[in-house]
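The same subunit A turns up in both complexes below, where it pairs with subunit B and then with subunit C.
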Partner chain A sequence: MNRQLKDRILRWVLASSAIAGCSLLALILIAVIWRGHSAINIDFLFGAPGNFGEGGIFYQALGTLLLMLGAGVLSFPIALGSALFQTEILRPGKTAELFQLLMYSLNAVPTILFGLIGFMVFGVWLDIGVSWTTGVFILAVMISPTVQTVMRQSIEAIPEHYQETARALGLSPWQRVRAVVLPQSAYGLVTGVLLGLARAAGETAAIMFTATVFSGILFPETWTEPVLTLQTHILTLAQEAVDPNTVANAWGAGLVLIGIVFFLISLSLVIRSRLSLEADS
Partner chain B sequence: MRFLFDPEVNWKHPFVLLTGLTAVIASGSVVLLFLFLIVQSLPIFSAMGLEFFSGSDWIPGESYSVWPLVYGSITVTGLALVWVLPLALGSALYTSEYLPPRWRSVVKATMELLAGVPGILFGLLGVSFLAVWVQDVFGLIDGNTLLTASFLLAGMVLPTIMTLAEDALRAVPFEYREIARALGLTSSEITFGVVLPQALPGVVGAVLLGLGRAMGETVAVMLVIGGLDRLPNPWFDVTQPGQSIPSKLGREAAEALGSGLHWNALIASGLVLFLMVMVISLVGTRLLNKGNKMSREDCCGVGGGNEPSVKILVGKN
Partner chain C sequence: MNSTLPAIEVVSLGVSYGEERVLDSINLTLATGSITTFSGPSGSGKSTLLRTLCRMNDRMPGFSLSGSIKVFGQDIYGDDTDLCDLRRRVGLLFQKPCVFPKSIYQNVIFGLIYHRPKERALFPELAEQALLQAGLWEEVKDRLDAPAVALSQGQQQRLALARTLALEPDVLLLDEPTASLDPESANVIEEWALSLKSCCTLVWVTHDPAQAERIGDYQVMLSAGSLA
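Presenting the complex of A and B:
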C-alpha cells in the first residue's frame, strides 16, 4: 500500500471517530428532547407535584437550585481562600506538593463516598439528619476541588511581571491580592464557580440518601427538612415508573436538568472564549 | 519554615490566617474522609477477617464479602475502557493533529458539555434504550447486565479521556512536527510515529483518570447493572447481572444507616473503592503532569529536544 493512500485512510478513520465522539452529545440531546418535549408545558414547569410522578416539577427544580446555590456559596470562600494560599503564600516545595496531592485526591473521590461519610459527619454528628443543609454541606465539599483548580489556574495565568511589579512596590500579600490577583483573575473565578455549580446540579449519588425525599414536602421551611430535587425525582421514576405519562415526566425533568447544567457550562465557555480573545489581542 | 513559605509572610496577618484556614479545611476534608472510612470499617475486618475479601456471598446479617463487588467494578470499568479507547484516542488525535483551531475549540466545548451531562440522565438513557437493546440483541431475559453498564460507562468517560489525551498531545512541541514534515513524512506518519509516542505518558495518564472516574460512577451504573451480588457463572459471562461497589453503596446505604455490621461492611467496601480509585487517579495525574512537563522542558532546551523525534523517525522508516 502506498504511503499517501495509507495517510488518507488513517485520516478518515480518525475523522470518523471524532465525528462519532461528538455526535454522542447530539444523540443524547435528541433522545432527551424527543422523549421529554411532550411533557413540557406551563403546568409541568410551574406546577406542584401530584401523585407519583404526575403534576409539575417546580419544587423539584427549586430544590436542585437551592442545593446548588447553597453549595456554591459555601464552597466559594473555601476554594478562593485555598487557591490564594496555594498561589500567593505557599512556596514550591514539599508542603506545596502535599497540598496539591490532597487537592487531586479530593477531586478523585467517588461522589457516593461523600454521601456516605458526609452523612455520618453532618447528618449524624451535627444532628441535622436527612436535610437540605446536609446536602449543601456535602455538595460544597464535593465541588470545592473543581472550583479551586479553575481559580488556581486562572491566578497562575496572570503574567509574572504584574506580580513582580506589585512586589517591587512593596505591597503586602493582601494588597497584592486586592490590587492585582482578584481584578486580573476575576473571569477565571467566575468560571470556576459556574463549573462547580454545574457539577453540583448534576450530582445525584451524594444527595440521594442524605438530603432528599421523593414526596411529602414541597420546600424546606426549617434547617432540618429534606428537599425535593430533579435528580432524585428522575432516579425514582427511572426505577419505578411504568405509566407512559410518568415516564414522559421523567424525561421532561431530565430536559430541565440538562438545561440548567448546559446553561452554566455554556456561560463559562463564553466567558473563557472572550477571555482568550482578550489575551490574543 | 522559610523553605516552605515565603519568608516575608507575616503569619499573624488575618489574610494569611484566613486563607491558611480555608486551605486546611479543603485539604483536610479528604484526610478526614479517609480516616472515617478506616475507623468505620474496622469492626467488619475484626469480625470477618480476610473472609471479607475472599468470600463469595453478601447476605446482610450473615456474611459479607466484597469480592463479587470488586470483580463487578473491575469488569465493568475494564470493558468500558475497551469500548471507549479507540474512539477517544481517535478523536483526540484528529482534534489535536488535523483540526484547525476554530474547529478544535468547538470539539473541546462539545466534550465539556458531554462531560457535564448529569449521570442520572445517562442512567435514564440506559434504562430506556441501552438495556432494551442489549436484551434484544443478546436474547436475554433481563437487559440489566454487566455488559450494559460497561457500554453506558464507555459513553460517560469518553469526554474525560478524550479531552485530557488531547491536551497531552498538544503539549508535544511544535518543532517535532515541523522537522518530521520537513523530512517528508505524511500527516498520519507524524501523528502515529512522532506525536503519539512522545505524548504516551500523558495519554496513559488521561486513560487512567478516565478509569478512576468510571470506577466511582454510581447512579447510572446502579440503574442498569442488575444488582446481583455474586460472580457470574461462568466467571467471564458478562451478559449476566452483577454489582459494582458504588452501585452497592447507592442501593443499600439508606437502609443500612447506622445498623451495625451491615453499615460497617458497606463502609469497608467504600474503603476498597477509595483505595482503588486513589491509586489509579494519582498515578494518572502523575503521568499526565510528567508528560506535559517533559515536553515543555524539551521545547526550551537548545537543540537537544529535537533529537528524540529524529531517532523515532529513523526507527520508523
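Presenting the complex of A and C:
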C-alpha cells in the first residue's frame, strides 16, 4: 500500500468517526424534539404535576435547577481551591502528577457509587433520609473533579511571563492569584463550572435514591425534604408509562432538560464575552 | 537608605542548575547611585546574575546557590527575607517587555495596588510621575484607558519600566532595556537612566560596547559565568 492511499484511508476513517459523532448528537436532538414538541405548552411548562405523568413539569424543572445550582455553588470553591493547590503550591512534579491521577480516578468512579456513599453518610449515618441537600452534596462531589480539571488546565495555560512579571513586581502568591491567575483564567473557570453543571443536569443514578422522589412534594421547604427533578420524572415515566400522552410528556420533559443545558452553554458564551471585554478595559 | 553602604555586595557567588554551573566565583560591589553595565556573549550568565539579585530564580528546577548577596547590608538569601519587599526594592525589567491585557493606566498601577493599597487617591499622580520618568507620558496621556497591548514594542517596554518605577525601587535591574527599541527611544531611556542616578542604583545589561561606554560608571564583563 503506498503512502498516499494510506493517507486517504486515514482521512476517511477520521472524517467518518467525526461525522458519526455529530450525527448521533443530531439524531438525539431530532428524536427528542420530534417526540417531545407536542407536549410542550404553557400549562406543561409552568403547571404543577397532576396524576401519574400528567400535568406540568414546572416543579421538576425547578428541582433540577436547584440541585444543579447548589452543586455548582458548592463545587466552585472546592474545585478552584484544589486547582490552585495543584498549580501554585504543588507545582509541576511527582506529587502534582499523583494528585492529578487522583482527580482522573475520581472522575471515573461510577456515579452510582457516589449515590451509595452519599446514602450511607447522609441517609443512614446522619439519618437525614432522602433530601435535596444530600443531592447537592453528592452532585458537588461528583462534578468537582471535572470542574477542577478544566480549571487547572485554564490556569496552566496562562503565559508564564505574566506570573514572572507579577512576581518581579513583588506580589505575594495570593496577590498573584488575584491579579493574574483569576482574571486570566476567568473564562476557563466559568467553563469548568458549566461543564460540571451539564454533567449534574444529566445525572440520575446518584440522586435517585438519595435526594429525589417522583411525587408527594412540590418544592422542598426545609433542608431535609426531597425534591422533584426532571431526571427522575423522565426515568419513572420511561419505565412505567403506557399512555401515549404520558410518554409524550416524558419526551417533553427531556426536551426541557436539553433546553436547560443549552441555556447554560449560551450563558457561558455571554459571560465569556463580558469577561474578555472587562479584561481589555 | 544608608548611602555609605554599597547597594549590592556579591561575595563568591556560584549558581548551578542541576549539574550545570552557570555562574562561578562572582565578586561584585555596586556603589549606591551608580550605573553598572553587564556585557558578555550570549549564554554567559548575565540574565541569570540579574535574576539572582532579586531571587527570581528560586523556583527554577535544579537551582542552587553558594556565596552571598547583600542588598544594603542585608543578606537576601537569609531566612528572614521578605521576598515581596525585596522585589519591590530591587526591581527587575525583563528582556522581553510584558504588559498585561489591561488599560495603560491599570498596567502602571499594577504593583501599587498591592504595595500601597491604602493610598489609592495618590495613584493618578504616581502613575503620571512614573510615566514621565519612563518618557512615555506625552505619548499616552490622552489615552490612559486604552488597552496597553495596542502600544508598540518600544512603548510597551517603557510602560513596563513605568510600572516598575512606580514602586520607587532602590535598585533597578534592566535586562537589555533598549534591545527592542529604535535609536531615538533608546536615547530617551539612556538619558533617563543618567538622570535617575541620584535616587536609584542601576544595573544595565547590554550587548553594545558603545552604550556601555556611554552610560556605565562601572563596566562588568561576563564570560562563561565568570567575571572577565
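Methods note: the second predicted complex is superposed on the first by the 245 of 281 C-alpha atoms of A that agree within 3 Å, B and C clash if a C-alpha of one lies under 4 Å from a C-alpha of the other, contacts with A are read in each partner's own complex, and residues count from 1 in each chain.
As a convention for this text, a contact is a pair of C-beta atoms (placed from the backbone, for glycine too) under 8 Å apart; a residue touches a chain by one contact, two chains touch by 3 or more.
A quick note: this is a predicted structure, and the numbers were derived from the prediction, not measured.
Novice: Touch test for A:L45: subunit B only (first), subunit C only (second), both, or neither?
Specialist: Neither partner.
Novice: Is A:M103 touching anything from subunit B or subunit C once the two structures are fitted on A? First, second, both or neither.
Specialist: first
Novice: Just to be sure I read the superposition right, which of the two partners does A:Y162 touch: subunit B = first, subunit C = second, or both, or neither?
Specialist: It touches subunit C, and subunit B stays clear.
Novice: May I ask you to decide whether A:S172 touches subunit B, subunit C, both, or neither, giving the answer as first, second, both or neither?
Specialist: both
Novice: Looking at the overlay, does A:R35 come into contact with subunit B only (first), subunit C only (second), both, or neither?
Specialist: Only subunit B is touched by A:R35; subunit C is not.
Novice: In the overlay, answer first, second, both or neither for which of subunit B and subunit C A:I117 touches.
Specialist: Once the two structures are laid over each other on A, A:I117 reaches subunit B alone.
Novice: For the overlaid complexes, name the partner, subunit B or subunit C, with more touching residues on subunit A.
Specialist: Partner with more touched residues of subunit A: B.
Novice: For A:I217, using the defined touch cut-off, is the partner it touches subunit B, subunit C, both, or neither? Pick first, second, both or neither.
Specialist: neither
Novice: Touch check for A:R91: first (subunit B), second (subunit C), both, or neither?
Specialist: The answer is both, since A:R91 touches subunit B and subunit C.
Novice: Subunit A residues touched by both subunit B and subunit C?
Specialist: 91, 172
Novice: What residues of subunit C sit close enough to touch subunit A in their complex?
Specialist: For subunit C paired with subunit A, touching residues are 54, 56, 59, 83-88, 91-94, 96, 98, 100-103, 110-111, 113-115, 145, 147, 160, 163-164, 167.
Novice: Touching subunit A in the complex: which residues of subunit B?
Specialist: Contact set of subunit B toward subunit A: 3-6, 8-10, 13, 15-16, 18-23, 25-27, 29-33, 36-37, 40, 86-91, 93-95, 97-99, 105, 107, 109-114, 116-125, 127-129, 155, 158, 162, 186-189, 191-192, 209, 212-213, 215-219, 223, 246, 249-250, 253-254, 257-258, 266-267, 270, 273-274, 277-278, 281-282, 285.
Novice: Applying the document's contact rule, which stretches of subunit A touch subunit C when the two form their complex?
Specialist: Per the touch definition, subunit A meets subunit C at residues 91, 161-162, 164-172, 175, 179-180, 184, 279-281.
Novice: Along subunit A, where are the residues that touch subunit B in the complex?
Specialist: 3-4, 6-7, 10-11, 13-18, 20-22, 24-25, 28, 31-32, 35, 77-82, 84-86, 88-91, 93-96, 99, 101-106, 108-117, 119-121, 124, 141, 144-145, 148, 172-174, 177, 198-199, 201-205, 208-209, 231, 234-235, 238-239, 247, 250-251, 254, 257-258, 261-262, 264-266, 269, 273
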